[in-house]
Amino acid sequence: MAGSAGGERTARANVAAFDRWEIVPRVMTDVGQRSLAVELFGERLPAPVLLAPIGVLSLVHPEGELAAARAAAELGVPYVLSCASSHPIEEVAQAMGDGRRWFQLYWSRDRELNASLVGRAERAGFSAIVVTLDTKILGWRERDLARGYLPFLRGEGVANYLSDPVFRSRLGRPPEEDPAGAAAQFLGLALDPTLAWPDLAHLRERTRLPIVLKGILRAEDAERAVAAGAAAVVVSNHGGRQVDGSVPALSVLPDVVRSVGGRVPVLFDSGLRRGADALKALALGARAVLLGRPYVWGLALDGVAGVRSVIERFLAEIDLTMGLSGCADLAGFDAGMLRPAGPDGRR
Amino acid sequence: MAGSAGGERTARANVAAFDRWEIVPRVMTDVGQRSLAVELFGERLPAPVLLAPIGVLSLVHPEGELAAARAAAELGVPYVLSCASSHPIEEVAQAMGDGRRWFQLYWSRDRELNASLVGRAERAGFSAIVVTLDTKILGWRERDLARGYLPFLRGEGVANYLSDPVFRSRLGRPPEEDPAGAAAQFLGLALDPTLAWPDLAHLRERTRLPIVLKGILRAEDAERAVAAGAAAVVVSNHGGRQVDGSVPALSVLPDVVRSVGGRVPVLFDSGLRRGADALKALALGARAVLLGRPYVWGLALDGVAGVRSVIERFLAEIDLTMGLSGCADLAGFDAGMLRPAGPDGRR
Amino acid sequence: MAGSAGGERTARANVAAFDRWEIVPRVMTDVGQRSLAVELFGERLPAPVLLAPIGVLSLVHPEGELAAARAAAELGVPYVLSCASSHPIEEVAQAMGDGRRWFQLYWSRDRELNASLVGRAERAGFSAIVVTLDTKILGWRERDLARGYLPFLRGEGVANYLSDPVFRSRLGRPPEEDPAGAAAQFLGLALDPTLAWPDLAHLRERTRLPIVLKGILRAEDAERAVAAGAAAVVVSNHGGRQVDGSVPALSVLPDVVRSVGGRVPVLFDSGLRRGADALKALALGARAVLLGRPYVWGLALDGVAGVRSVIERFLAEIDLTMGLSGCADLAGFDAGMLRPAGPDGRR
Amino acid sequence: MAGSAGGERTARANVAAFDRWEIVPRVMTDVGQRSLAVELFGERLPAPVLLAPIGVLSLVHPEGELAAARAAAELGVPYVLSCASSHPIEEVAQAMGDGRRWFQLYWSRDRELNASLVGRAERAGFSAIVVTLDTKILGWRERDLARGYLPFLRGEGVANYLSDPVFRSRLGRPPEEDPAGAAAQFLGLALDPTLAWPDLAHLRERTRLPIVLKGILRAEDAERAVAAGAAAVVVSNHGGRQVDGSVPALSVLPDVVRSVGGRVPVLFDSGLRRGADALKALALGARAVLLGRPYVWGLALDGVAGVRSVIERFLAEIDLTMGLSGCADLAGFDAGMLRPAGPDGRR
């Protein structure tokens, strides 16, 4: 969970990038009534925060994604369920009642499998599909390599697949009898390195849900995403877990925001650790942020309560930082609240 | 005392900001007779230094603010008494004889309480009111949260309130009988997140003392402060204890100085540790600086003598650095004495 | 092996220089079929990687250069044999079958010796001569000085000389009988600090092989190298082992590439540790890179298998990073894939 | 010896400043015959290096300045004797035979004392007077303060004074009988904070020796130094021992060189640790450098031999770095050999 790709330089750069922007608080504005609410897809979120999709959470806690989803639901924070969940879509949905939920899809080579997963999510009350674009091949993760760790071979993080009728139909024998065969099938099918822009049409035809494209780092890719009908884009480098040496996500956020020009919401993840980080991303044009690793630490320590505690503290720090900066709501925390770090605020 | 807000990034940035400016000493000027004197509010101060308002000093020494005030008085350095003092206004005044003293006000929701506190300060010989603008809500201080520390609940740092007739009149039972009730009342009353520019008129009508506005970080807020009748402004981010992720105070000092344009004095705190730091702030346009945490370390170690020792050393280092830079007085230590750090002095 | 010149500042700067450029991955391009192949001297290399010439490898493993050469041959990676090899040219050639190999020459004061070494390499199937320009004098290497270490005096790293008929003809007695005399002769002959541009004509007349000039850091020297008939140049500062305080090699690569203007291939070494580093050098205009120290660590740990493992991992990380960045081949990984590190990608 | 002023930020910045410039070596130039010789005051020095004046060397070795002077003489390196020497002028002169020597003067309030010291130096074969401009008051040195250390009170570093007829004539009783009285007299007399440009005329009239002004950091002060008849200036911040927070000496060297415009030689000290540092200062316009602390470490470890060893290694590293950079002499190592550190060599 803590590990990233290669020398983990991008993972560190993600965090350091926030220090390049500094908040310049205003004083003497009434901040007695504050709101962190934002609008997304026509709905009002209580705060500009979602839980990012992180798979195989059974690694840190037996309740895994169920616990994370429950905590999110209790606080009204949307939960993005990872395709590589330790628990199947339907169980997660049940655990979170009517809590807002999105489903993250790793695009498979098997289009029927994609359609099956998306259909199940749709039926289980997930309200958006997040397609991860930056993981068509697994990154070079040395901590995993050094441990010889691949969860899928141990049957972890494949609950959505083992429970899927299309996936099961591809197997010679049921996974309960032949786990190795199922794992081999999974490794062969789960990702599709040939995925390209034209393929998205296939997904658009199969679901009525908004499609969110995650992993955009270039202005021209954001442009193509909008042209391809994306309902939102997520600026992200997968928390530094894919391309070590890549640009910190925050550094390219302004480029993407400029390119999108308000046509769809821009979301953000990668490197967020504190309330001020979220506000900086918002001031640079993100509509909301996806909180990742921090909630996993909460999960590891205390299950549902741990995740809830991390979210509560993250929101509290956002609220205090916004209020202490003189803003009563997020509309007020615009680009004028920041300045580039340096002796005179010029770059 | 050592802790700051959030990840304490701004607290560290405050200190590091001084390294971005370097002194370029002159040689061969007569510095046999040197003076650190500055004029402030028509009075001549022996040095461009005041003690910053820091509350709850009983945490580090039983004599708390009494000791700090006494040390300041012995050296002719103005003492700014914190609203959250461990000892009441009147006792501090008595302890420091005719030493110069200012009173720092945390603006309460209860306007009569504000008026009462200010009136007491006025009667006790305090010669200016410092209104802290950056603390209408308490910052996110993790060291305190981790320790479950809130001094006010233990009756510390509330001496000015418990001794105040208006505050006492708000209680159902006297604090001596119902400390919990007093603490609850304090927490509900002490700060006012709705405080805004128009409210200042209320204070201006209630006191003949000059009003100093502390916590200004933006040129336009400095402009409004002057327009609102402030007698001086203090560029400060509360030593990094309020908005983690905010700009280091030194970085915005030139902006504020330019905006104020000499109409009122600009004071400065946040990050000062050494004599050269003070001189850099002065060269960038501050009239005087408020020394904060360093005197608390002196207090913790040796009471009055410890505070005196810290102040003496701070002044000695200012004096030596000024003299060794070729300046016999502070008028000579102007912006031309500095250059931005870097290979060629250009930003 | 780990040591560099002086305070090893340039060795560290070489590595840090890669962090000044960041990859901006593309998404949604078909990377199902990827190739790392590049063309060099009319031949197709499987990857843009050669093993850099490093001498005296017997220091870390008894099979020394034989093992490194074998591993390179097994993976189709060209091996550049150091002039200061622990094993003679002919043995290395035999060990690697028809694996691609180049011979690196330290230009001797004794032109007949140069001609003899080059002739032997030519006959042993080496297909290019790499003349190292940055080592006409040995650098100031404090780790060696502190240990009183000079391998040549112990008969290490001189196999090519002791086996050379011209070298032997310069000795009064055979080296087997008088090792000290041979060592003295070696020290007197091996390098030529007077080597200058006109001397290259001598070598050009003696060999039909392409001549690669290694150690170029200036645009005007690259220009002269092309004019002097170099078949390729290597931008390198010898891994920081010669001039401590010199520019990191990566910083000057764009200058040299611009100067050469595509007339001959530009190769690169110094500071490469990971796949992303190689891609950054290629995006800045290098045709291929020479991997140095990392393969020595593999050799030290596990001989042939260790070197092979290091190369395999290096190539795997290049392949994954290229693919995850949205490029199916190296032609696609051009300068547009990078941006300078910083808040807005401007320098 | 290791300590500097204040927080020792300038001492660290002095060293770090060299990393802002990087050498770009040339290749393929004949460096078989190299020379480090420079001309200074009409004489040819074997290398562009002098030993900087450092006083109270008895602290680290009983032979103190005698040993340093002897080592310098043996290697033909000029020795600048500190005014605060542990051994009198005449003994140092005798120890170094006809080795080149300059005398550094701390300008006293007592002009007759200045004249006496300079006259003694002149008679003892010293060939220049170095007036230190940056030490008219002692810096704020916390390591010394923490130890309660003041060598002069213990009779150390005052040999030139105790042996001086003018100084002795100022005492009520001879120092052998009343050391405390002598120390008090020394502290009262030794420095003159009123020293200003017009005072130099006094010295010019009293000696035929060239006057070198040490401690210049500003272009306009360099201009005044030349106008006042200085034979050379030394860009120096006293190794960071006087104004903590001051500019690193290397950063202002180009300004001073530009201001002096070749009318007199510009020398340099502060922060030099390695050969490349010396070459960078020379490339930026210094005629020669003064090596300071490093030779004291040699002295502490091994007396004369230790100092000699440090100088020899320093010269060897300069020679190798020059040669490996493609220059046969220092005239070739000009500003074109450097470039500012950074991704593209632009500032």
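Brief remarks follow.
Each chain carries a letter (A, B, C and D) given by its place in the written order, and its residues are counted from 1.
Here is the rule we go by: a residue touches a chain if its C-beta (ideal position, glycine included) is under 8 Å from a C-beta of that chain, and two chains touch if they have at least 3 such contacts.
Being a predicted model, the structure only gives us computed values, none of them experimental.
Common neighbours of subunit C and subunit D under the contact definition above are absent.
Steps from subunit B to subunit C, taking the shortest chain of touch contacts, total 2. Homomeric contact subunit A/subunit C is classed as different-residue, with under half of its interface positions used by both copies. Averaging C-alpha coordinates per chain and comparing to subunit C, the farthest chain turns out to be B.
One simple way to say how far apart two chains are is to compare their mean CA positions; for subunit A and subunit D this gives 61 Å. Note on chain placement: the centre of subunit B and the centre of subunit D lie 43 Å apart, centres being C-alpha means. Counting partners per residue, subunit C has 341 as the residues that reach two or more other chains. Chain-to-chain contact here is organised cyclically: the chains close a single ring, every chain touching exactly two others. Touching chain pairs in this entry, ordered by label, are A-B, A-C, B-D, C-D. Residue ranges of subunit C in contact with subunit A, taken from their complex: 18-19, 22-32, 273-277, 279-280, 316-317, 320-321, 323-325, 339, 341-346.
By the touch criterion stated above, subunit B contacts subunit A in their complex at residues 6-7, 9, 13, 17, 20-21, 133-140, 192-197, 199-200, 213, 215-218, 221, 224, 237, 242-248, 251-252, 254-255, 340-341, 347.
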